[in-house]
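In the two assemblies presented below, chain A is common to both, partnered first by chain B and then by chain C.
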Partner chain A sequence: MKALMLVAALIGAAGIVLLAGMVVGIVPSNTVRLIEGYMPVQVIAELTLFVAGFTGLSYMMAAMGMVFPRFWQGILFWAFILLYLKFRIYPPIPFSVRAMYGTVSLVAIFMWVSANEEDWNKFKQPIMNVLDAKTGGKRLLRYAYLVILPILIGGFSYNSMVPKSEEPIELRTVHPAPPASTKVHGKTYTLQTSQNPYRTNLEGKYDQDYSNAMTVEQGMGRLMKPNANPWDKDAQGYLKYVREGGEIFYQNCHFCHGDNLNGRGLHAFAFNPIPANFTDPGTIAQLQETFIFWRVSKGGIGLPNEGFPWASVMPPWEQHLTVDEIWKVVLFEYWHTGYYPRTWD
Partner chain B sequence: MKNLLGLKAGVVLTTAFGIILASGITAGLAFAADAALPAGFKKGDLSPEPSADMIEAGKRVYFTKCVWCHGVDGAGDGPGADRLWPRPRNFNQGTFKIRHTASGELPLFDAKKPVAGQNDLFETVTHGLPGSAMPSWEGILTEEQRLQVLSFVTTQLVKDRKFTDKQSESQTILQLGDLKPIPATEESLKKGAELIVEKKCVECHGADGRGDGNAFNLKDDWGFSIQPANWHKCWNFRGSRQDPYNVKNIFRTFSTGVNGTPMPSFADNTTVEERWHIANFVNSLCEREADGTPLSIDQLTDKPKVNFVLSSGVVLEGGEIPADPEHELWQKRARRIIAMGGQITHKPRNFVNRIDDIWMKSLYNDKHIAFMFQWDDRTKSVAEGKLPWGPTQVNIDVKEQDPKTGEEGSIAFRQNNYTVYNDAVAMETAVKWKDLPAPIKPRYLFGSNEQFPVDIMKWEADGSLRAFKGTGWDKDFEQRDNYEESSKLLFSEWKNGRWTVIIQRPLGNKKDQDYDEDTFFEMGQYIPTVFFAWDGHNGDAGRKMAVSAFYYTFLEPPTPREAYIYPIVIAFGVVLLEGWVLTRRSNKRKGKTTL
Partner chain C sequence: MGRVAGKKLFSIMALCAMVGLLLLPIAVSLPSLAMGADAPDAVKKDGEAKVEKGRDVYYKTEGIAIGAPAPKTVDGPRDYPRYNFESRVLLWFANQQHLYYGSFVLAVPIFCMVIEFMGVVTKDKAMAKRYDQLAYDFIKISLTAYSLTAILGGILIFTFLTLYPAFFGYLSGIFRPVMHIYALMFVAESGTLYIYYYGWDKMKEGFLKWIHLSMSVILNVIGTLLMFLANSWIGFMMSPAGVDEQGRFLGNIWHVIHTALWNPLNVHRILGNMAFGGGVVAAYAAYKFLASKTDEDRAHYDWMGYIAMALGVAFLIPLPFAGYWLMREVYAYRQQMGITLMGGLLAWLFIIQATMIGILFLSTNYYLWQALGRMRGAEKYQRYIKYLVFVLCCGYLVFITPHTIVMTPAELKAMGGQQHPVLGNYGVMSAKNGGINVIITTTILSFVWYMRGNKVSTVSWSKFGNIFMGIFFGCAYVNIIWLAIYGYYIPANVRVGLSVPQVATTLSCLFFMFALNTAMMKGAKQMGAIEWGKISVRSQYALIMLATAFTWMMGLMGYIRSSVRLFWHVNEIMRDNSPWAYTHTVGFAANMISFNVLFFWVSILFVFWLGSLGLKKAPVEAKAGVPGAAPQPAGGH
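For the complex of A and B:
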């Protein structure tokens, strides 16, 4: 038991040191990378680890005779969470979201310190002590609070009233509802029934199982299957179309969506929001192939209002590519990210 | 037992240390013998050949990720190559830019040693080459995969040279780890400033280091157009290794040169000290905040962080907006970076935008608002003779780069051979933006339609300042009635690779301006704004241009009187609240004690 607690205490201490390093900027916040798509799980796992660590830490300290008051435990843990959200998580999350998480964790900490009458009394004891001011030091502290609190609150309200310019928050629907059908180069495609004509097996039949077996492997690197090289001279059917789609992608799309389809192309830095990251499980992995076909063909200008057509620089690709080229690019995007397109059923 | 083990380990360690020390001494002797080595360099050994397994595994990585630009044979001719500038590297000759090795030598690569400073190619793949299409592969490929793909490239795709051939190859390595940087004192910077003239750096990089010197005729080993680095944008340095303000990167590039380009190594004709002075000076030129701290770099894009609000400062008491950019009011005004990308939505698309940012400042008074545009452009471009189209024409005859042309027709080959048009900038603001329910705006490219038009003001290097109404990306502009008369070009100058242009326009009022055509600027409101830029030497005209995202122009209101009154009232309220809590507590305690 004690050894277990010791290990936990070490983890807790390491966590504090790491976070302190991140706050002062010695340790880069991406030391352990948050992996796209697994970020929430990773964050929760890390925090759980730290909770265990701090439990061990406080146990060890108590065992060594250094009892840490519950009051400060609560406050410091909350501070830890706030700092963690601000300095650990990269890319940074906006203040409004941090404020929300901060509030939730404050409530959680309150529930923890007020779990029973005894705990609650222990927690509020230091506050009462200051209010009662029975010793000289406490009295000094009380006067300090009396002076500092109004100044702080006055300062905050001044700060909030001075005119400031912050970018207005605009909440955009990333995947707006698609239309039932779309007309590209004079032909109408019904989204629910259309299929990618290049997702075919060697007999030329639409075959998603066949293509799924040839897509790149999931996991770090997302490399092609050893025996499914689209650049093989003898590549036929699906794999050949993947290569043709890739050629079109690297002549047209990578400028924004990037060489690794992660939305960080050459021009990405100029745009707001930055271009879609196809390797994120929240984009093409969530969508049907015909949805992508519609989005690619019609571009930003073809979005419904909730998709912010005015801000999207996504070209209506029907102006630049043929229908066949668009289908091949879509095919390539799924191949290169290793995702399977969603089906309608 | 434990102690014995410890002792043994100690002996082994000391022996190992002794061997290292001894070899160091012999190396030192060898070093002394070879007096021809440039200062700061040491002879090194060629790395062993990577294992066949590594090479085979690397092939798989190459044909998943790299082949698309670098091509099947590594000749830098993949499907993406013809629309890229800089063009993807041709590996066949074994010419690599960013190295720790002497000029002309192969870069450092060891498939077993992914160590910073000792493995140039690994670092290039890890951090990418900013300012080109080569991204950072860290976090995408594992360390192992990066070493594998490099094993494949160095053994199979580098064809004219061999990394392990002791007969033909040598490694003379810059000892960057052992050389201590000289602090960037004023004296060091002064020496650096003199040295860049003495060593003729300015001939290519320009008097102010904006890469505008001999910007025109430079070609790389393959005959592709190439341009000198702009020292003011260190985040675009190929060798910046995602650490653009680190002076060591500049020292390294200056010491080893950039193979395959006209940038030579200066190792033979400068001392180490001189090189630090130059590196310090070049580093000091990179754009910084007003207080001298480096700009914060966005880790997602490796470019400066962007704030999308352009706030305009008030000129009080009816003062005039100064026309001189050196005026105190302009100098003190905070600037904002506007990130620019190529217009790649509609034909003709601009795959290479040579203007990638604009620094903006803005001031307003009771009648006017002025915008100062400052951007780096290596060439001042004014079209010769009359342009073949009218100023309001949007749909003009400019061709976009074909996807597959071969080297001779590629974008990298054609740079600097375009017909020269005017350099220009424009800003587009939403008309009647108050009537649009936020966040709806007209479309970023010349407005949506007649219902959601935009107000466009365009300055061109021929000195013209024009006002247009835009009603769609493919609709020619409409000239506006009398707006040009009430607007004014306060200043325009091209100097040493940088344009400075100040445009003044009316704030807008219903008496003098047209509410249906002109944007009315109101204090404290967010006015949707887009910026456009054209580089005449890039053949930019019409829709072939650089564009920004939507920004907001925000006229800073003076601080209201309430901001001084209410906080005091609130603070007083808090004091009362404190008194109430304390009284209550002490009453309760008294009650308790009497009970």
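For the complex of A and C:
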């Protein structure tokens, strides 16, 4: 048990040193790389390791007769979480989410330190000592708090109320609800029931299982499946349509949406927000193909009211592409990202 | 002997007569139902030329249009008479208050039924008496609330009639027979409730007690049917059926009632009402606990709070699954409605909802950990609580991560796009399913620890049982998290289906682990008694927090469900042409919900106060409810 705790304590100490380096800027945030596609699990795994590490540190210190006060354990753990969120995770997390995470962490720490009477008494003891102020030092501290706390609260209030020159926060609806149907080149498409006419098997019938089996592998690299190369001269049916969609994509779309469909094209950073990243699981992977068909056809100008503030400069591609070309581009986007369009069956 | 048999016979006859009388309103209103079917014949008699056919917008069946089309309203005093105030907000307030009280008075009799039944079947006489007194206390609270529900219902109808006459005229035209049955069943509900309450003392012994218990079953059946009927109206407004595109009634009242969302709404509301009712009663007990001056009172209200919390949480656990089913049906009914709810305009409200759900589970767990403190021998679990906190909070953080992030343009630029590579993954359904299942499984684990807090298993296979239990929970966590990750690599329709094995895993933990734990704890060695009343005051604040979160969340979900119709009174059938056919800002909605919550709690405090007046008048009766040496409650242990 002691050996296990020692290992945990070493991990905890190493973690603290690394994070401290990141906070002061000596150690770059990507020293221990966050790997694309695995980041979400990696972050939770790292936090778990830290908790194990801190448990080990606490255990070892107690074993050496240096009991770390519960009050400071709580305060420092909260500070650790805030610093981790701010300096470890990149790209930076917007303040609104960090505020949510910070509040939850604070509640969690309260639940931990007050889970039983003994712990709660230990935790609040330093606070009670200051309030009771039985020694000169504590009395001084109490007066200091009496002065500092109102100033701090006043400062926060002033800061939140003072008019700021920065742009206001936008609560942008990323996926506005689509209409029930859309009219493109004179034909009406019902979004709930329409299908991509090129998602077909070799017999020319709509077949999502067939096309799903031919999309690229997800994860790092996004590798093509064996015998599923759209750029093979002999490719027929679905793969041929993917190739045609790819050609249209690279002629028209990649300037903004990028070679890898990750929203980082040549012109991407001229826009705010930058174009949609199709490789993110929160975009096309969540939507029906008909939704993409509608958005591509109508562009930013065709966004509904709830798409406020209509922050999209995508052209209405129905003015430049045929219906067939739009369907083929949509087909290519799903193939390239390895995602499957949403269906309801 | 003959006299007893005669009394039994008389009781059965009286019960049958009462059931018959209670069903009479339905029988009386049946002709109204039939009228729907007769009407076409009447139309036919007038001449074939007048018969117009229509196609059901949902069932796609053909029928003869016998109703008037939905009115095309215009903004003005005829269709939208008003005060110098937003009519929608007035209606919102009236509706929400009626729903709060309605939910409470539907849930509490179900608790009474369960607790009274526990009292009847418990062999321990002292315990049976305590259960009986508790059930009586519950129904006493709900009696005043029942009157308020009726009053608020009246206010709601008058608000509809005076501010939205065209819409209410259309709705009542479609639901004419249903509304009549509803009103008559309300009479039946009142009659049963009063007999049930006032007959408590008269029917407290032997066979008559069973008759009394049967009446609680009847009371709850009527109450549930009432709620189903009211649900059919909101189901129709969201997903209309039984009418054609113009909104003309096609003669089949069952189609109008049985819309696409009726059943999911029914299930969700039953569970929600029960959880809410449990929360309110637990808050009542917490308030009484905090105000108690004697150890006896503290012991009684501690126990009452525990029972109410346990009943509420028993229904809270399946609630997210019922909600998931409802959302699935919403998506299946109209994709754009689903996207508006969960990915579009109302998505941020869902993040707030997730936050509230998390608060409910965190409060429950916190209460259970605090409750370990009143058991001697439960100290062995205390040092592991921090790990449960960590697991719970990881699940919670994933569960509340928004898909659409609030950020400044500068933050958006720094992030390099609308999606964050870490948070973006937490923001979608696959991760959230994992998050909530982790939270629920951890809550189950807390319950298991609580149930065995002061006991040591004496069965010969206890070591094996403990190892099995540990492995079972470990595998459950692995399975839930693995499926959440796997969900990113498969088609969306399969991913939606993954929720089934995740839910099955969580429910397996609930049923198998509870059963196994009960078997292991049979004849277990007691390390010490449960010292009712010796619990921290923080636990009682957790109960109050639980109830407040329930109330707030109900208000929020009601608002979300209603506002998803956007600018429709009846979705795609009758357009809302009032000046208020827009969606409120998140901030306004949150303030309005908070006001409704505050009003409800202030008014229910009045109800509690009225209840305490009754208590003062009958001190002898009240004394019977106070536990003596605080025996252990069944169910909890």
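Remarks
Note that the second predicted complex is superposed on the first by the 295 of 345 C-alpha atoms of A that agree within 3 Å, B and C clash if a C-alpha of one lies under 4 Å from a C-alpha of the other, contacts with A are read in each partner's own complex, and residues count from 1 in each chain.
Convention: a contact is a pair of C-beta atoms (placed from the backbone, for glycine too) under 8 Å apart; a residue touches a chain by one contact, two chains touch by 3 or more.
In this text, all values refer to a predicted model and were calculated from it rather than measured experimentally.
By the touch criterion defined above, A:170 lies against chain B and chain C together after alignment on the C-alpha atoms of chain A. Applying the stated contact rule after C-alpha superposition, one finds that A:285 touches chain C and leaves chain B untouched. When the two structures are aligned on the shared chain, A:67 is found in touch with neither chain B nor chain C.
Once chain A of one complex is fitted onto chain A of the other, the partner contacts of A:272 extend to both chain B and chain C. Residue contacts after overlaying the shared chain place A:44 against chain C, while chain B stays out of touching range. Contacts of A:17 after superposition: neither chain B nor chain C is touched.
By the touch criterion defined above, A:91 reaches both chain B and chain C.
Of the two partner chains placed around the shared chain by superposition, neither chain B nor chain C is touched by A:148. Shared contact residues on chain A (touching chain B in one structure, chain C in the other): 91, 166-168, 170, 264, 272, 274. Across the complex, chain B is touched by residues 30, 33, 90-91, 128, 131-132, 145-146, 149-151, 153-155, 157-158, 161-163, 165-168, 170, 216, 220-224, 226, 229-231, 246-252, 254-256, 258-260, 262, 264-272, 274, 299-301, 305, 308-311, 313-316, 319-320, 336 of chain A. On chain C, the positions that touch chain A within their shared complex are 331-332, 334-337, 339-340, 343-345, 347-348, 355, 358, 362, 365-366, 369-370, 372-373, 379, 382, 385-387, 389-390, 392-394, 396-398, 400-431, 485, 488-493, 536, 538, 583, 586. Those residues of chain B whose C-beta lies close enough to touch chain A in the complex are 60-61, 63-65, 67-69, 72, 78-80, 82-83, 133-135, 137, 139-142, 145, 298-301, 303, 306-309, 311, 339-342, 344-347, 349, 351, 353, 356, 403-404, 438-445, 448, 473, 524, 526, 546-550, 552, 554, 556-560, 562-564, 566-568, 570-572, 574-575, 578, 581-582, 585, 589.
Interface residues of chain A facing chain C in the complex, by the touch rule stated above, are 34, 36, 39-41, 43-44, 47-48, 51, 55, 89, 91-97, 100-101, 104-105, 107-108, 111-112, 114-120, 166-180, 191-192, 208, 212, 218-219, 263-264, 272-277, 280-283, 285-286, 288, 291, 306, 340-345.
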